[in-house]
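In this document, chain identifiers A, B, C, D and E correspond to the written order of the chains, with residue numbering beginning at 1 in each.
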Amino acid sequence: MTVQYIHRVASGSALMSFYLLKRWRGSVYKVVWKDLAVYLLIYYCISFVYRFGLGEQGRENFEKLVLHCARFQAVLPVSFVLGFYVTLVVGRWWETYRCLPWPDNTAILLATHLPGEGVEQVERRSILRYVVLCITLTLAAISPVVKDSLPTFEAMVKRGFLTDEEARMLEKHKADSGQQVAWVPIVWACRAVHRARREGRITTDLGHKSLVDEMLCLRSLCGRLLGYNSHNIPLVYAQVVTLAVYSFFVFSVIGGQFLDTTKNYNSHTVDLYVPFFSILQLVFYVGWLKVAECLLNPFGDDDHDFEFLSMIDRHRRMVEMLSETAASDLPSLAPLAE
Amino acid sequence: MTVQYIHRVASGSALMSFYLLKRWRGSVYKVVWKDLAVYLLIYYCISFVYRFGLGEQGRENFEKLVLHCARFQAVLPVSFVLGFYVTLVVGRWWETYRCLPWPDNTAILLATHLPGEGVEQVERRSILRYVVLCITLTLAAISPVVKDSLPTFEAMVKRGFLTDEEARMLEKHKADSGQQVAWVPIVWACRAVHRARREGRITTDLGHKSLVDEMLCLRSLCGRLLGYNSHNIPLVYAQVVTLAVYSFFVFSVIGGQFLDTTKNYNSHTVDLYVPFFSILQLVFYVGWLKVAECLLNPFGDDDHDFEFLSMIDRHRRMVEMLSETAASDLPSLAPLAE
Amino acid sequence: MTVQYIHRVASGSALMSFYLLKRWRGSVYKVVWKDLAVYLLIYYCISFVYRFGLGEQGRENFEKLVLHCARFQAVLPVSFVLGFYVTLVVGRWWETYRCLPWPDNTAILLATHLPGEGVEQVERRSILRYVVLCITLTLAAISPVVKDSLPTFEAMVKRGFLTDEEARMLEKHKADSGQQVAWVPIVWACRAVHRARREGRITTDLGHKSLVDEMLCLRSLCGRLLGYNSHNIPLVYAQVVTLAVYSFFVFSVIGGQFLDTTKNYNSHTVDLYVPFFSILQLVFYVGWLKVAECLLNPFGDDDHDFEFLSMIDRHRRMVEMLSETAASDLPSLAPLAE
Amino acid sequence: MTVQYIHRVASGSALMSFYLLKRWRGSVYKVVWKDLAVYLLIYYCISFVYRFGLGEQGRENFEKLVLHCARFQAVLPVSFVLGFYVTLVVGRWWETYRCLPWPDNTAILLATHLPGEGVEQVERRSILRYVVLCITLTLAAISPVVKDSLPTFEAMVKRGFLTDEEARMLEKHKADSGQQVAWVPIVWACRAVHRARREGRITTDLGHKSLVDEMLCLRSLCGRLLGYNSHNIPLVYAQVVTLAVYSFFVFSVIGGQFLDTTKNYNSHTVDLYVPFFSILQLVFYVGWLKVAECLLNPFGDDDHDFEFLSMIDRHRRMVEMLSETAASDLPSLAPLAE
Amino acid sequence: MTVQYIHRVASGSALMSFYLLKRWRGSVYKVVWKDLAVYLLIYYCISFVYRFGLGEQGRENFEKLVLHCARFQAVLPVSFVLGFYVTLVVGRWWETYRCLPWPDNTAILLATHLPGEGVEQVERRSILRYVVLCITLTLAAISPVVKDSLPTFEAMVKRGFLTDEEARMLEKHKADSGQQVAWVPIVWACRAVHRARREGRITTDLGHKSLVDEMLCLRSLCGRLLGYNSHNIPLVYAQVVTLAVYSFFVFSVIGGQFLDTTKNYNSHTVDLYVPFFSILQLVFYVGWLKVAECLLNPFGDDDHDFEFLSMIDRHRRMVEMLSETAASDLPSLAPLAE
């Protein structure tokens, strides 16, 4: 579910930062605590062995290893690659959001160009149902959540997205061509508009064209959504970044050990027992990486993923409101209040 | 309120930098002084304890801690993550600005395609009122300032945004569908345009189409505004950045202490009493972070937020000027002065 | 005035870099020399006092201060924040350029759809005058240079931008609504187009629509220009960057002093008397900052600002050429030379 | 073939990172293992010579060389230039993807405006065949894979992309003008649409215009694809980046050697035999570079390249489904389920 | 001439990197070898003087200078500013490419809406000639190469771009208005389209509108090209970057000298005679800078500049093929092969 926090930061008070930091849902603590637990477990195992389990020679060898790891820990530019990678992923995530299709304009156009109560109402309902069906089929193709909820045409029939007859036709198209059939309802909708124009219920060619253009635009958005799903950021890039972050912590779990302060190793003058700085680094870097992992595929059920099921539900209610009720009652025109 | 300073930097003189630095409203000093006060309070408490409150052993332990903190203070790439984060936030802020809907084009189109004094004037007023109402309902949904000013349909009726009849209809739609009803006035406006075309007051189909397209475009902008509001930058990202900045200063308040110069600690050869460099860092980093916090939600009442109330007022005056007065009097055509 | 240098770098020879470096107008030397003079004055004052004015203890304290400043001089990531900030400002500058409205398309459309010599010519002239007037009023609202040249409607009447009658009408609109009136001439132009269509001088509805669309598009560009002017980069950001750069040099003027080479301070083994590296840093960083300051408000009279006055003049000549002369004489059609 | 991994990261669990890391196809390991093998071979040859093949003086000279290389190894900002370069290449790769033309909208428009079974069906088929032919000719011009599969017009005739007559006409155009002929089928398609309009099978001018606009838009996309192919990122840039990465490893293979720990060289206190950190750097930097190399030309047969052959096949099936079957059977309109 | 290398990197083999590195034309070696030669000449002069020409005191002073220069060589963030600057320049270069106007769509539209052999053919040829003339005049205004090839209207007449009559008219317009006249042929073309519509050769208003829109769009692209030419990246920015790179090497030529290894200067333990690392830095930084210099003005005759002459020639052939030959022979419609 999308995490809403922005209404709390409207006034930009001095305490806003602390409000931001204390949220749990969709928070950095929630996404890193498992990694942190594993890290601390390993850290204290090693620390315990060093402090109590090694002989003098072993301790000295270990200390040299710690110094070596600490020195080279930063060979990979973790922050740098994370900066570029997260920027890329956040950019794609937002572009994806902007590709989400909304049927509202189609509903308003229908209410404008195809008003009336009889067959017009049936047509409006059917056309909007086809549009929502196209959106739903697209989302079912990319989102496991929607797929789970509406796995088959039967399930969609049961929920009122399409009729038995239409389901049979889609099944047949699918079997014949082996392609996804999300565009077929758009063909139906365009042809229904065409018939309404031919039979005079839509009174102008321009109305016809507006409706068809709007639906084709909506289809193009669905197509782009499928493109975002099938052509993601190259796996190599994701691996390079993940490798950099986790290898950093593999070396950090050794290089971050506190050494015997009596041995005067450079920069090992205090022993705080708790590796505050390493923990902070882990929360920071892994948290930053998780920003990317959450947004990489926004079609799932993460805290930050798009909520497609409620979105489909919203579409159905909204198009009904815009095309059904609103169509029949236009308020009497009144001048702008003086 | 938006901070206007740009007219003062038109000529780019050598003193421009100083003009920039001495502004207070919307300035970096205004946004960081509270943080700075807290920082200095803690800094001098610690400093006082170190200078007067600790024994020799305590002082030595404290000095080791200071050196440790100073050494690791920079483990997080604060400037780096701030650079990427602020770029992202500023980009979104400006995209949001560009999504703000303006009714001016609709008003000009109405003045062009639906001129005249009688029922045409009533229609122009009503349609523009619906358009402004749609914008107002959208802004009320995202801005607490507008919400406070126009909390209910009644308040809007009182201010002349809609009639009692229309308010009742919107209430009913809202109750029936559970959706936001900002699009309903657009349906009304489109249908009023349709009727004016059918009854011949708008003389061309293309005029009809231009008006409907313009209003749908305006609705899409409103929809995108809602999207910017509901899908903000992931909370994880905001937390990671805030955490980096504030943890930097938690360690700075210890690591930035001046130590006894007689002990020959490396890089502790002078005692200036005032931590100029730490203060500068705080103003800089916290100021940079506040840039982001101010712009993260531009719908509030920060110094940098959009001024929606005066914008709505401006829309009402502007559409009145463009559609009412201007419509009646066209100057006699005169050739371009030779 | 815009600085033209690009034609000199067309061939990319090895000497191109030197050509670039030796330009003065709009150059980095011109923008930084004042800052550099102030810096050197202070630098040599301090240097003089250190070399001749201080006792042994004072010199030693001063040397410690120099070392302290030199060590912490780089605490702020000046280059980093400048990189992001300048990228942002240059991006906005170019977007602003792309928002500049050009009346050329309107003139061509008029020459196409409203040809002829009699009333058509008067109409073409008037409509284009309205379009140029809209652009001029917009530029006068954002550019002090245009404002100075055309401060009142009277001044515009005198220069032939509008007639006395039109000036009176604009004055009245302005007084009545309290809004800027740059859109009113667009209303006039649209209505003149509408009348020409109604009376058959424009022969097609599509011609009418093309003209109105083009003028609304032009108005939207004017509106976006006003937006770029009223909502600039947040002041906090500009202050943070300016503060970083100048505080860098405040510390540099101390930390960059040459110390007595006989005292064996680390990295103080030579005394060159002239601080080449600090000067280079100043030219570089302040020059980079000035890139941003010049472009932050491109509506003034900097070397890099847009030249609105000659642009307005160009518009008037260009629309005259495209609509007047060109309209009357179409060359006899001749086939493409074999 | 495009690498699909995104469906596995839908839920963002804690193990997702490990799933990402263990993939082989299209993975970082697959792209770097050859480079790594060469690196290790050279590394151990040098190591072997140093440990067993050199006299005392030779060892000492070699050690100085190692220290020198290690010190200057980082003179080039490899990570920095890679960050900017990869961002650029990934951006272009995605823009290229968005330029890929899809014939779906044309098919839907034909099904809408040119329904029917007789000559209309023949026309629909021909027009869509022309559109797919234009896409195929474009892809054959940029992708060696498509070129290999469809090297000549004869091969295309055999596969049913065009008739013998059409192939002869294209051959002739090609010979006459010396230009690529991918646009010629679009001319045919536009003229076929024009004829269908003239003879009344397409009933409205707007339908005609929609079809022509859609096909011109598709042609523009094909033109942009050709532009991406002919004007790639400047060779200098690619060379600078490649040079930086490989020279880094040339110095690393010397500078990364373990030295005799008994000689107390600074930072050479342990001898791990396996250069873990250098290997990690190589995997990281070369992997990052390979991201760019894979995406630089997405028209080949890399793991990350676009699969044009199956895309062409998909176009043929999809347009058949949308224009043939769907055209004949429109479901009976049924209202939205209550 | 544009450098084509991308077809060689289609398969992404392990040797691709080496293929990239060994190219000469448009390569980094070609652009930096002169700078490198100058650098090495100065380097070895200084080296020779140091090794053989200085007394003991002079050598010692020189060594101190070398150490001083080496220490401060990196005061300017060369890589950083180059990263941002090159990103900006490459972005502009590609935007410029995308502004290049192509007459293909106009030719296809003419073949569709104005078919036929008699006066229609003459009109098609003239209109397309005007369009190509507009493009040619624009390119001649920005590219010295095109200007050299077509310096006057006479030269264009001789090459068949326009007739004597048209040249006289353009000369007159130019003299009268003092403006560039590239838009005038577009006015002619629009008016020719208008006449063809009025006289019924173009059968629909929509065809008329499509043609006019396409030509206005093309004119806007030409206008944007002129804008890219007249408003380039601010000179200050180019100077700041060039200054940073070259001052780096001024200090490098001193600071990179090898010193007497017997004096135990830190990091001066080997004397390799050839400054490998400095050479690499120079090739890298200067090469990176040259990327920007080549792309800064893509209208010249660099290896990376656009080839306008062959582009104009291509336009003439292409529009002839699309409008002449193709118009007369439409293949008999045949169904999609089963």
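Annotations
In the analysis below, a contact is a pair of C-beta atoms (placed from the backbone, for glycine too) under 8 Å apart; a residue touches a chain by one contact, two chains touch by 3 or more.
Being a predicted model, the structure only gives us computed values, none of them experimental.
Traced through touching neighbours, the fewest hops from chain A to chain D number 1. Rotation angle for the C-alpha superposition of chain C on chain D: 145 degrees, rounded in steps of 5.
Taking each chain's centre as the average of its CA atoms, chain B and chain C sit 24 Å apart.
Separation between the centroids of chain B and chain E, computed from CA atoms only, is 39 Å. The residues of chain D that reach two or more other chains are 31, 80, 83, 87, 205-206, 290, 294, 320, listed in rising order. Taken chain by chain, the contacts form a single closed ring in which each chain touches exactly two others. Round the ring, the chains follow in the order C, E, D, A, B when counting starts at chain C and proceeds to chain E. Across the interface of their complex, chain A is touched by residues 2-7, 9-12, 14, 16-17, 20-21, 23, 26-28, 31, 79-80, 83, 86-87, 90, 94, 97-98, 102, 104-105, 108-109, 111-113, 115, 203-207, 210, 267, 269-270, 272, 277, 280-281, 283-284, 287-288, 290-291, 294-295, 304, 306, 314, 317-318, 320-322, 325-327, 329-338 of chain D. If you check the complex, the residues on chain A that touch chain D are 34-35, 61, 64-65, 67-68, 71-72, 75-77, 80-81, 83-84, 87-88, 92, 121-123, 125-126, 128-129, 143-144, 159-161, 163, 165-166, 169, 172-173, 176-179, 181, 183-184, 186-188, 190-195, 198, 205-206, 208-209, 212-213, 216, 219-220, 223-224, 227, 229-240, 242-244, 246-247, 251, 289-290, 293-294, 296-297, 299-302, 305, 316, 320.
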